[in-house]
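Each structure below appears as structure tokens.
Paired with subunit B in one complex and with subunit C in the other, subunit A is shared by the two complexes that follow.
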Partner chain A sequence: MKRVSYCLRLWRAYLRVGFLTMTQYPADTVILLISMLVREASGFVGILAIVGVTGGMGNWNVYEVCILFSMCAVIEAIGQAFFDNVWGMDHMMRRGELDVFLTRPAPVFLQVLGQVTHFQAVLSLIIYVGIFVWAALQLNLHIGLYEALILVEYVIFGTMVNSGIYAIFNFLNFWIVQGEDIAVLVQTCREFVKYPLNVFPAAIQGFFTFLLPLGFVAYYPAMALLGKTTLPVELMLPAVGVFVVFLAFLVWRAGLRGYNSTGT
Partner chain B sequence: MEKLYCLIRVAFQTKFAYIKAFWFNIFGTAVSILIYYFLWKYVFMSREELHGFTAVQMTTYVVLSRTLSSQFSGGINKEFAEWVYKGNIVVELLRPVHLAFNLFGKRLGEFFFFLLFKGIPIGILGTLLLGGCGPAGVVEFLLFFVSVLVSIGILFWIEVAVGIVSFFTLNTYGLAFTKSALLSILSGGVVPLFLFPESVARVLDYLPFAGMVTVPVYTYLGKYSIQEAVSFIGLQVVWCVLLGVLVMAFYQKAIKKVVVQGG
Partner chain C sequence: MQIEVSHLVKEYKRKKNPENMLAAVGQMFRPKYEILRAVNDINFGIEKGEAVGYVGPNGCGKSTTIKMLSGVLTPTSGKVLVGGLEPTKNRQKINKKTGIVFGNRSVLWWDVPIIESYKVLQKLYEIPEKRFQENLEEFADIIGIRQLLGVPERQLSLGQKMRCNIAAAFLHDPEIVYLDEPTIGLDSESKLRIREFIRQMNEERHTTFIVTSHDFQDIESLCKRIILINHGEVVVDDGIQKIQKNYQSKKQIRFEMDQNPWLETEKFTMDGVTILDKTPYSLVLECEIQKVDAMAVVDQVSRACQILDISIQGQDIESIIREIVTEKG
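Let's look at the complex of A and B:
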């Protein structure tokens, strides 16, 4: 118990440092925020323009597409805000920075995550939540007990799936040089799940459901919210989320055990 | 001319040394082509044509536009920014060739590499595998190449401008992302410009960004008559010169501000 409260205190301290860093470089903060928004926007503009002409995509109308897109973006923003430093693994290992963390008494992974927090992502998150609420109002979306449960689960387990997958592939750095490239590939593939997956061939749907379960980040929760599926999404989400994080944990442990420094 | 040739060769060879990293880059472009290919395929399941585009033409548009706009994520702005960040800019400023000339040589080398290892293979493979169409005619095909060449000039000046901004901020990563995403949207690299509201689309048609994707691809597909294509390419040239003057003025101002960190 003492350990947990210690970790929480440490985490809060890291967040504070992250916040102070952000306020120290106002120009950089603004640029980062803009870049985050514009990056999401380019895909959004594309699908909106297409849906605007055709009136819908599959059985998804404009507002439903907005819901899916904003849900996907919210999870990515949470990852960018608090779990972004899994992308720094490559850098930290090559520079031998990871060794510093190994000598300290706190959990290594917590220290890794604590190095980078982007509070800018919290701002972009608010915008995506705004889009979600707007689209939900347009659709007259009924939020009952079931929908509320799905939303809560989606935020928790969607983040676990998303950041967990990023983490797993970045942990490959333990064994291969430039493992980051593979993680970037995965992130590129993630583009698919921003769109209604049922538009794509069955092979792609299967891939993002069973092999690389990024479909659970937003697609399946959105389907459950919009009443498009009879699948027990409320059970699948925790299962997939916990599984991915557990896998990430195993990979991390195996990697750390076999880790020998770069020797600089 | 000889100097330019050498600069191009060096940049080309540097890129070639990192060809393994380039495979990942190609994969990224392929994924983005596939996404839009499937989206449009879905759209064309329920209709014959959209704004004069048939399914085959739209496939071609996707392949060419995504390939062309994949250039936006690279460019010399990163290297330029790194010079400033690391202080190498001092050495570069002392060289007997002008900084802009040096950068242009590098940019051309990168472009030829792109053309040889990505543009041509992906263009041909994508068209064959996904079922696109060839160019509308020989003249259109030649004009397409001219247009792509001129667009490198426009792109170069935009990249220099973005690079100069890094004199004032350290977050070059964010800048590079913003640049590539904005250019993709404005040039028609994400979706054809006619899908935007009409007034917006009309303005975008005449801005320099359209010259990097819309003008070459429309020319290729024969959406422009020869006369229109030539005048649009003329407009590109005008933009290229205009941007060059503006960016160089900006450069002269900014270069006085350079404070290089010691070390």
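Let's look at the complex of A and C:
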């Protein structure tokens, strides 16, 4: 318990630095914010146009597609805000920053995450939440106890799945030199899950459910919210989230152990 | 003994350099490794409050040893004990009592005022607020960072940055501090400031230091003892003064005189003495102390002319170390 409160205090100190960094460069903040919005919205605008003409995509109407998109983007924004430095693994190993973290009395992974926080992403998150609320109002979405539970679970476990998968592939840097390239490839694949997965062939659905479970970031929670499925999403989310994070933990531990013995 | 190192060995696996293109393609599938022994059976002990210079040529295993002491690397075999504990198994516990300074990299945040970075370290090392303020207050003047605390690191010069980084390593009252090239690339004012600060910490707080540096002024002004390693092995481990006495092989004598009787000759009249430089009114000799006594040389010169001024200089520690390395290497 003492350890947890220590980590939380340290985390807060890191967040403070992240916040101050954002306020140091107002122009950069605006540029970064715009680039994040564009990156997430790219492709989506096109889909929106098609859906606008055809009136829907599969059994999803325009507003439902908006719900899915915004849910997907919210999770990505949380990742960008607080867990973005898993993308820095490569860089930190090369420059020996990992060595510095190893000489300190705090968990190394916490130090890795704390090193970089992007508060700008919190701003883009607010915009996505706005889109979600707007679409939910258009749909007259009923938010009862079940939907509230799904929403809470989705934020927690969706983040665990999303950032956990990024982390796993970035941890490959412990063993191979260009691990980041694979992680970028994974991020590119993630484009698929911004769309209703059921419009794709079964193979792609299966891939994002069982192999690379990015479908649990937004697609399955959105289906549960919109009453499109009878699957026990409220049970699947925690299971997949915990599983991915546990896997990431194992990979991290193995990587760090190898790093200790080789120093490469 | 605060630090005990016994029979320490560290081996790296390195991909073998292929001889030709074909071998290179073959190695993509079946890599051949060669074992590289970076540290080979090193033994030493360091008492609390000692300041030790850990020196040796590039690639001799210095930083590998430091990494094993600080728990970054696991030894291949042998034992490291820091405060009676094994670093790799008790990393976080030991780290709380150690500090580390890397001369070539900063541990502070680039974009925020220095004091904000310090505040993160305060949380990281769980430094009580009162102690944190006291240390800050004390360091601010000794190392000259009072004016820098409110400035983001990106606006500081290299010397200022390094001073801030060194102070950062002492905020948590460490018992041991590893300094890896602490003054690399700095101007003499910053170097002086940093040495003064480290010396004061050593004297007043009895902080143990291990300094690796290629700048022998650092070593000479900070340490009383030198551990010289080469090819992963300890070559010399002794007090600086003792090393100077034991390994000193040459002395330089500079004369100023009314006229120089050796102006036309190449060789000095005594064995073991060579002429380094000469003008009509001055003479610089180097004598090997094994063969000839410096006073005898002075005698000899004074018989031939009238000496106006004289200075005798022993070899500095840097050239002694260089000689040991080339002799035994």
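Going forward, the second predicted complex is superposed on the first by the 259 of 264 C-alpha atoms of A that agree within 3 Å, B and C clash if a C-alpha of one lies under 4 Å from a C-alpha of the other, contacts with A are read in each partner's own complex, and residues count from 1 in each chain.
In this section, a residue touches a chain if its C-beta (ideal position, glycine included) is under 8 Å from a C-beta of that chain, and two chains touch if they have at least 3 such contacts.
These figures come from a predicted structure and were not determined experimentally.
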Subunit B versus subunit C as contact partner of A:Leu102, first or second or both or neither: second
With both complexes overlaid on chain A, does A:Arg253 touch subunit B (first), subunit C (second), both or neither? neither
Looking at A:His142 after the superposition, I want to know if it touches subunit B, subunit C, both of them or none. Which is it: first, second, both, neither? neither
Of the two partner chains, subunit B (first) and subunit C (second), which one does A:His91 touch, if any: first, second, both, or neither? neither
Between subunit B (first) and subunit C (second), which does A:Ile31 come into contact with in this model arrangement: first, second, both, or neither? first
Is A:Arg16 touching the first partner subunit B, the second partner subunit C, both, or neither of them? second
Following superposition on chain A, which residues of subunit A contact subunit B and also contact subunit C? 25
Partner subunit A, residues of subunit C touching it in the complex: 12-13, 64, 67, 70-74, 88, 91-93, 95-96, 98, 100, 102, 105, 107, 109, 111-113, 116-117, 119-120, 122-126, 152
Note which residues of subunit B are touching subunit A in the complex, please. 21, 24, 27-28, 31-32, 35-36, 38-40, 42-43, 46-47, 50, 168-171, 173-175, 177-178, 181-182, 184-185, 190-191, 195-196
Going by the contact rule set out above, which residues of subunit A touch subunit C in the complex? 6, 9-10, 12-14, 16-17, 20-21, 24-25, 95-97, 99-100, 102-107, 111, 114, 260-264
Under the stated contact criterion, what part of subunit A meets subunit B in this complex? 25, 27-28, 31-32, 34-36, 38-39, 41-43, 45-47, 49-50, 52-54, 57-58, 178, 181, 184-185, 188-189, 191-192, 195, 199-201, 204
